[in-house]
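Several structures are given next for inspection.
You will see chain A twice below: alongside chain B first, and alongside chain C after that.
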Partner chain A sequence: MGKQSEAAVIDSTAVTDSWLGHKGALYAMIILGLVSIVSMLTLSLDLRFIYMLVYLWFGLVYGVFLQYGRFCMASAVRDLFAVKVPRMAVGVMIATALFSLTAAAVTVGGFSTFYPHPWGWHVIIGGAIFGFGIIFTGGCASGSLYKSGEGNVGSMLVVLAISVSQAAFVMAGGLMNRLVPSSWTASAAAKGMPEELTVTNGWFDQFMAGYIWDLKGITMAQWLGFENPVIGAFVGNALLGAILPTIAILLVLYLFFFRKAYLRRAKIAHPTSGDELRGLWAMLTSSKNTALAGLGLGIFAGLQMWATGALREHYQIFNFGELLEKMGYTNGLSIQGTVFDPGYWYITTQEAQWAGWALDQVGVNTMDTVFFGLENGIPNPLLNAPGLMSIGIILGAAVIALMRREFKWKLPNLETAVLAIVGGCLMGIGARIGMGCNVGAFFAAVTNGDMTGWAFLLGMTAGAFVGVKLFNWWIEWKLAREGDFAL
Partner chain B sequence: MPVLQDILRLWANPDNRRRRPAVSTEHHNVELPGLGCVMVSRTIDCIGEGCPRPQLLTLKAFNQIGQGDIVEFISDNPATVETVLDMMFTLPGSHLATVRTEGRWHVYLRKGHDQP
Partner chain C sequence: MAVKFAKTGDGTYTLDVTNYVCPHPQVYTKKALEKMASGDVLTLLFDNPSSGESIISMCESAGNVLLDKSEEGGGTFRWDIRKG
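After this line comes the complex of A and B, so read on.
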């Protein structure tokens, strides 16, 4: 791995000596300039919009790191099974370990906005559907955002499909009602929810009110009963919950995907323990960019929690919805007066809100659902704080892609477009059942001591494994039909 | 407006439209930096393709060619290029050279792990 340095690399695009002196850098500066101007104009309307701009600018930073490290969970699990390349999986694992330390620091500081997800089989099932979908879209939820920023129109279709499919899924009633176990309906009805939510109508409503709400979420520190917050966060959540599982997975990756090739390359027939350690180190350092990106993401995700926590303290609020109400924007708030406002890195829920809002604009009642009406609301996309974070990720990725001369418009053909939409829909549905995507349900979860994240990864890996087999079969079939590779 | 011109040029340029990845078995010679003239026995054109198809096509090409044969891999997706280079570790193969032009990478790969 990382053999690039040995071979000659001729770069005819490097026309100027300065990496700032090309047209891409100019466009990058224009994007940054426009975002800065819009931010200032927004602040001049009302200083309290700073709460929303924190999301936007952190999104921008995430986008830069994601593109720099090519941080893609789809690539992590897919390359492992498809071509036996562990690089991205290794990078993601290192990133997980590093992020868990910054998350622990934030928890100790008292700024953590994280709540553990309820545990149940839905996590694995949702993960599997999500993992199956990412093979066909060529990117996970965060990967599709950064690839959109690289000019990949196919990835933009994926983002759109994730958005629309989630909104449709959380609203689906009719025939879907027949799939609801009667125990969910009974339990949902017993919750005494307001009439306008029609909580016993719709699969997802009853899934939430009749199933999820009866489950409990717990962090590793709480489960182990650590009373000292520092030990709980660093030993319970970070070390036992994230770092030890990460080390175990890295060892498995080394043994099954790296060791043989490494020993053959290094011409070692009888490896000593020193050779094995050097091999392990070679594997870890081969994904330097991804690991660095992971460290950056971890630090900034921690800083975002801290900044949002401090602003909540300052404005004496628990949720951005309260601030919106004070500023006079009451459209799209949930019946509790809240909007989706996780305070940390999240991807899919805000994308669902975009579609929910759009459907509302054309007259569909989306507010009779638990997901939109009770919990997340459907704010105007311009006032959707986490939504601006997603847009920030796209813009940040575009900025660094332009700087590195890697931005290129890529238009999908029909096959890619169909796969992007079908895969994106599966990702959207999987994300809702599993309560998040590779970021919200895995990355942000395991790094905060929430073990459901590992279950999501397990499901995602299983789904991706089946997806790779199917995709391989599809390519073989197409090649056979089209007569490529005919000798 | 340079931005507008760029957008027009984008839509006019067929390179930006994703097409079926072309795998060519026609042999041709290329001049590689530091290696001189080498013969390419497979060309995999993956312009506009995202993962995982380019990887799978490269894997397939490597299964069909002989030891020491050279594959030319063309892509406009930087993440794909990096993964294909990593694949050389396990296949095994070696990375001979990369020629980067505006918006695309031509990567030359040789089957087998021994350097020439």
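After this line comes the complex of A and C, so read on.
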């Protein structure tokens, strides 16, 4: 204590030890070795499992980037309001701009796996519920996965809550049926769905069949009527749909959250336009880890779409369910013979499937729902390709956290455990109403020209704003009551 | 396992927010710094890596100086911050 000099920050961990040569590095190597061996054994069973392993290994890469950049979209909106820090919001915008370009290249190449989401008020409402929930859990859906990889048991509870709450929500009937508008019921009944789906029983079934299916999704390129695919993808979807809004958001972040402190630090009283540009650049590069993670995620998210799209063409399939059937695995396929298989970075649906599968194992009929029975199926978690991506994120984050000596088993106390479960349940419900989380419904959407993603972000921001107000109120109340901060 | 904030000497304080995930560490750090006088030094203990990034940005914009970053071992960080 008492170091009063203005000395540069000393990072003693970097001085005393290298990354390698400690126990953490050994455990990291063991994890990587085991994933490699299991991958090879899986391929020796059937080469076609490469399709599933692409998900696993991309998940691993995402986990490394997420942990390295402390890349959590919850903090993008939360830290803005809670502590006035734009770091993560900037990182997300960098990733968004870059992914929009790689996604456009993949679309032009004909390998895109993306379909625009239907637009309706549900996107904003789902985003708001999700955004409210993330304030209390300490991370977004992918943030909770990477923090699980850091040994955070509270984040594992969040993942569990997201998983179970989604499954419960998509199956809920009974009293929930009373909340269904009669127009949804009529429209759902008119769809002529197979009887085993009992499509007019259950809130979510009727939400899907009687509301969502009647809506349309469109990309920016389609909306603007661009016929040239290159112009459509790069100008319509990437430039107009993602990059220009991103630049506008970055300018707002600079003006309201960075400029004042920057000019004060740089001792600039009358800034020129050059000073403002240097200020903007300082904001973009203020956290190099986050900016680098944004770049990496943007590139790899595009590569994953390309890899999966190319494999689909190679195997002449539209969905992994077809490949599973050809390989002789028919358990857990939907009645269309499909499974959830987005082909890009996505988080929440596969976690719902884990709980759906577990419930099925103990005899609960989960397949009478549109969500599981018709669309996503409930494959065994070992054969759930996007599920392996989620597990890959946990493992990738564990590898880099171990190497950087940041892994630590952290048990939640009662307060953080309750917040994790309640917040996680809200995230699960919000994700189902909004058709995804901050990754599936925002990041993957806006970067592919789907403007519903911006609506999701708007809802998420509003929900997070209210959540931060409530969180601050909770902290103040707790401190006043327990006297934790009394000196 | 509550948050521990204590005065340890003349102008020196400690804040222990280990076992807390975002946003607790950064919010408590902000509150602790608000209670301190300019020139006072806070020793902060935390084990949620992502909070560190936010705390660095918070210090930069508020004019607080991060004097020292070290590791307690086992994934716990000890940072000294002087209030600006």
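As a convention for this text, the second predicted complex is superposed on the first by the 468 of 487 C-alpha atoms of A that agree within 3 Å, B and C clash if a C-alpha of one lies under 4 Å from a C-alpha of the other, contacts with A are read in each partner's own complex, and residues count from 1 in each chain.
As a convention for this text, a residue touches a chain if its C-beta (ideal position, glycine included) is under 8 Å from a C-beta of that chain, and two chains touch if they have at least 3 such contacts.
All of these numbers come straight from a predicted model, not from anything done at the bench.
With both structures placed on the common chain, the touch criterion links A:261 to chain B and to chain C. Judged by the touch definition given at the top, the superposed model places A:406 against both chain B and chain C. Of the two partner chains, neither chain B nor chain C is touched by A:210.
Of the two partner chains placed by superposition, A:434 touches none, neither chain B nor chain C.
Annotation: chain A residues 1-4, 6-7, 9-13, 70, 72, 74-75, 78-79, 82-85, 87-88, 135, 138-139, 147, 150, 152, 154-155, 257, 261, 264-265, 286, 406, 408, 410-413, 416, 471-472, 475, 479, 482, 484-485, 487 touch chain B in one complex and chain C in the other.
Taken together, the chain C residues at the contact with chain A in this complex read 1-9, 12, 18-24, 26-28, 30-32, 35, 41, 43, 47-50, 52-54, 56-58, 60-63, 65-71, 74-76, 80, 82. Within the complex formed with chain A, the chain B residues making contact are 2-3, 10, 16-20, 22-23, 25, 32-35, 48-53, 55-61, 64, 76-79, 82-83, 85-90, 92, 94-103, 113. Across the interface of their complex, chain C is touched by residues 1-7, 9-13, 67, 70, 72, 74-75, 78-79, 82-88, 135, 137-139, 143, 147, 150-152, 154-155, 257-258, 261, 264-265, 286-287, 289-290, 401, 405-408, 410-413, 416, 471-472, 475, 479, 482, 484-485, 487 of chain A. Those residues of chain A lying in contact with chain B across their complex are 1-4, 6-13, 23, 27, 70, 72, 74-75, 78-79, 82-85, 87-88, 135, 138-139, 147, 150, 152, 154-155, 257, 261-262, 264-265, 286, 404, 406, 408-413, 416, 468, 471-472, 475, 479, 482, 484-487.
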